[in-house]
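Shared between the two complexes below is chain A, which pairs with chain B and chain C, respectively.
Right, the complex of A and B next:
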């Protein structure tokens, strides 16, 4: 509860700050000229740093989590996706994981019904999680790569009024709301949720809603965004005389999210590729895996063993090395 | 010391999944009788050269930790964060989606929220944030960070020994975060300051010295196996051979010591003896490598290696061609995922070929150890066993989710 309240307060304060910025010419130009590049730089450098750090840390053991039959005798049907024995299987497994959230699709829930634990299928998290991530991707692509032809056209087939109301926006809002609400409503989720878990969702929610506000109710802001974006892209940012209030909030949220991203759990975006339980083939007994720090240990040798038990071994009629 | 009374079934099933109002960081750990194990004895710790051997119990107020315990734990954590990508990554990328929460049998069976894999990990992750991340250092609790205190250490002990390292949570996590891996790290850290349980350390100490967890000495093993052979002769009229420490055998057979020692493992073991006799296998048991299981898996990776080393060493000494392994869950995790890396290469052995059917076990060509189920399946497939399915077809059977063979090996 505390974490939820704290996150709401934090986001409110951010909104107030953003509104304040809009009233100051100096701060506005800071927000539109310096901060965009700074936030982007932090994002890129931070992201790269984190991923490289993970990538270069050793993987001492091949610890694939297997969820299907391994490659064994030729007549035993193996499961190449849940227990891949070669790189193609791994690629398939990872692709399904990253593109379709396959593990989440497995999700079940448990309840005690009539003195017995009963397991049921629970696909909601998978569905809304997938909806959220895919629509987020489409929306982001639409913003940063508007030249991808067809994206907007296909996406905007819900031509409700002008400007177009995009399907992906609706999907994104739905997904986000679900993810946020379950953290507020489901007791277990509320119990484990941290301040940052709420903030991440609220920030994205804020970005999407201010974006929609601008597109549908504040064409002046929208025009400003276009000019700004053009300026950033050509490295000649134009300082607007006064930035719109909604735009200011929108920008503050975007840059905060960008700069915070590499330090947050949102890095799961990079980390998911590197998880050693998923991205390694289950070929352990076929190919030896090398541990870069395989340290020597003190073992109890056969000689030491026989020295201790020689008499008893002889008494039991067991062969010994030394009489 | 309070002892637990055995609860009745309806008491056991009265599980509530509602978490308490109080945030988990403020909820003190209560060592409920019957939910924790006694401490590792000074004797077993000394036998294994493990740190801080002493007399203590988890129910004591003073755990007699070393003076600089906190420094030891934090240094140990730093070292492991550098040595294991899994640990570092799993500390960093959990999104607390909760998909793993109700997958753990400890949570399903207790309703204790700290038994949700995600929260079990947060017990350690909160300390990681406090000492190893900028946000945690600066913003503390707001960033999900907390100080490492004696109470936190006790909480680790309580919950990290309530995990069977079964990896079920990992199968459901969108990132494959494996709480078993985090539990292992947690236990390694606890072991650095001598907080272990005797259920693990004594078998490990036994295994180190006598070759098996139960501490059975060479004569004892021979007696037990001979006794089983007598039983088989009484029952079937067939006298089976019991080859032990036989040099020049083709195959070394390694199985958990529970199989020699107590029912129902002994029935399995008698099954092995009869099977090998029936097909005329040239094999041997070993008294030195008389344990397939490996309680190092519940101690530290170093201990896994120390205990596991005997198997290859003995295979080399006896001059066998390859190794056959009996049934045991965590044993096969070690054989499949760790043995070759830790104690290989087994280049003195040959790629396993069944002497009965000629089948080549290509999936074991590097580790050179074959699972008894694979070996037997091949015998059945090739019609080498006369089976009468009608003797068992009255039973309705189901697949038992066998944790490590399933999720750390892929044997279904």
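Right, the complex of A and C next:
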């Protein structure tokens, strides 16, 4: 409960700060000239730092959390996607994980029915998680890659309202609301939810809702937004005379998210590619994997031992392998 | 510092950097100048007071809302006249009122809309004046 309230207060303070920024010319120019590049630099550097940190950790063993038969004898049918033994299988498993969230699809739920635990499938998190991530991808692509033909047209297919209400926006809000509400409504989840869990969701929710607000209710000055974006992309940022209130909140949220991203749980964007239980082929029985941090052990084999003590062994009447 | 699977990690990082900095290198060298609207059609030049339905700043920020309201009023409720803030009455008609003065869609509407990437749905029903003549 404390975490939820603290995160809500944090986001509210951010909104107030953003509104304050919009009223001050100096702070507005800071927000549109310095902060965008600073946030992007922190994002890129932090992202690389995290990935390199992971890459520096040795993965000595193949962690084989599999749900299928591994490749062994030719007459035992193996499951190449659940327990891959080669690169192609791993690529297939990773693609299914990243594009379709296969692990989440296997979620189970347990309920006590008549004093006995009963296990059933639980697909809600998988469904709304997938909905959220895919619609977020479409929204981001619509923003930064308008040259993808037909994306906006397909997204706004039903032409609801002026300007068209995009289906991906509705899906994004639905997915986000579910992800947020499950941490508020389900007692067990509320108990384990941390401050950062709520803040991550609230930040994205804030970006989405201010974006929709600017599109449908209090239109942002599109020319100004375009000038701003072009200025950033060409490294010649323009300082607008006056920045809209909603736009200011939107930008503050975006830059906060960008700068905080590498240090938060959202780093699973890069981390998912490095999950050892997903990206390591189950080939423990085919290849010998040496532990990279093994200290060099000085071994003294039996052959060497016998060479050293053969005379003494013979004198003592002990059997030797080589005469 | 030792990287495990260094080749794959660096390949991944390169892909990430290319995608993440995409807006900076995409469209480099393609200079886009801010839109320059042409307000000198014969109909506008004949006007004594150069004024749209409402004031220019209002039209600049609210024309889409106004057109939306006109559309809904005219098509759904048959409201065909609009009283402006200064009391002038206009006929609610895109072709008859708006395009009467702004007969240069390419030099007027499209300049801003192309620049900012806004795609209004006007022309899925309405004809474009220049194409008729």
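Here is the rule we go by: the second predicted complex is superposed on the first by the 291 of 323 C-alpha atoms of A that agree within 3 Å, B and C clash if a C-alpha of one lies under 4 Å from a C-alpha of the other, contacts with A are read in each partner's own complex, and residues count from 1 in each chain.
In the analysis below, a contact is a pair of C-beta atoms (placed from the backbone, for glycine too) under 8 Å apart; a residue touches a chain by one contact, two chains touch by 3 or more.
This one's a predicted model, so the numbers in the text were calculated from it and none came from an experiment.
Annotation for the three-chain superposition on chain A: chain B and chain C fit side by side. By the touch criterion stated above, A:144 is placed in contact with chain C alone, chain B being left untouched. Applying the stated contact rule after C-alpha superposition, one finds that A:223 touches chain C and leaves chain B untouched. Within the superposed three-chain arrangement, the count of touched residues of chain A is higher for B, of the candidates chain B and chain C. In the superposition on chain A, A:174 makes contact with neither chain B nor chain C.
When the two structures are aligned on the shared chain, A:263 is found in touch with chain B, with no touch to chain C.
When the two complexes are overlaid on their common chain A, residue A:58 makes contact with chain B and with chain C alike.
In the superposition on chain A, contact of A:209 is made with neither chain B nor chain C. Between chain B and chain C the least C-alpha distance in the superposed model amounts to 10 Å.
Comparing the two complexes, residues 57-59 of chain A contact chain B in one case and chain C in the other.
Within the complex, the chain B residues that touch chain A are 9-10, 13, 15, 17-19, 23-24, 49, 81-86, 88-89, 92-99, 101-103, 108, 113, 116, 118-119, 122, 133-135, 142-144, 167, 170-178, 181, 208-211, 217-219, 222-223, 244-247, 287-288, 301-302, 305-306, 309-310, 313-314, 317, 336-338, 340-342, 344-345, 359, 361-367, 369, 374, 377-378, 381, 406-412.
Across the interface of their complex, chain A is touched by residues 1-6, 9, 12-13, 16-17, 20-24, 27-28, 32, 34-35, 61-62, 64-65, 67-68, 71, 112, 115-121 of chain C. Across the complex, chain C is touched by residues 43-44, 47-48, 51-52, 55-59, 144-146, 152, 159, 162-164, 219, 221-223, 225-227, 229-230, 232-235, 270, 273, 292 of chain A. Residues 2, 6, 50, 53-54, 57-73, 75-76, 78-79, 82-83, 85, 97, 101, 103-104, 106-112, 115-117, 125, 129, 186-197, 263, 265, 267-268, 271-272, 274-278, 282, 284-291, 293-295, 297-302, 305-306, 308-309, 312-313, 315-319 of chain A are the ones that touch chain B when the two sit in their complex.
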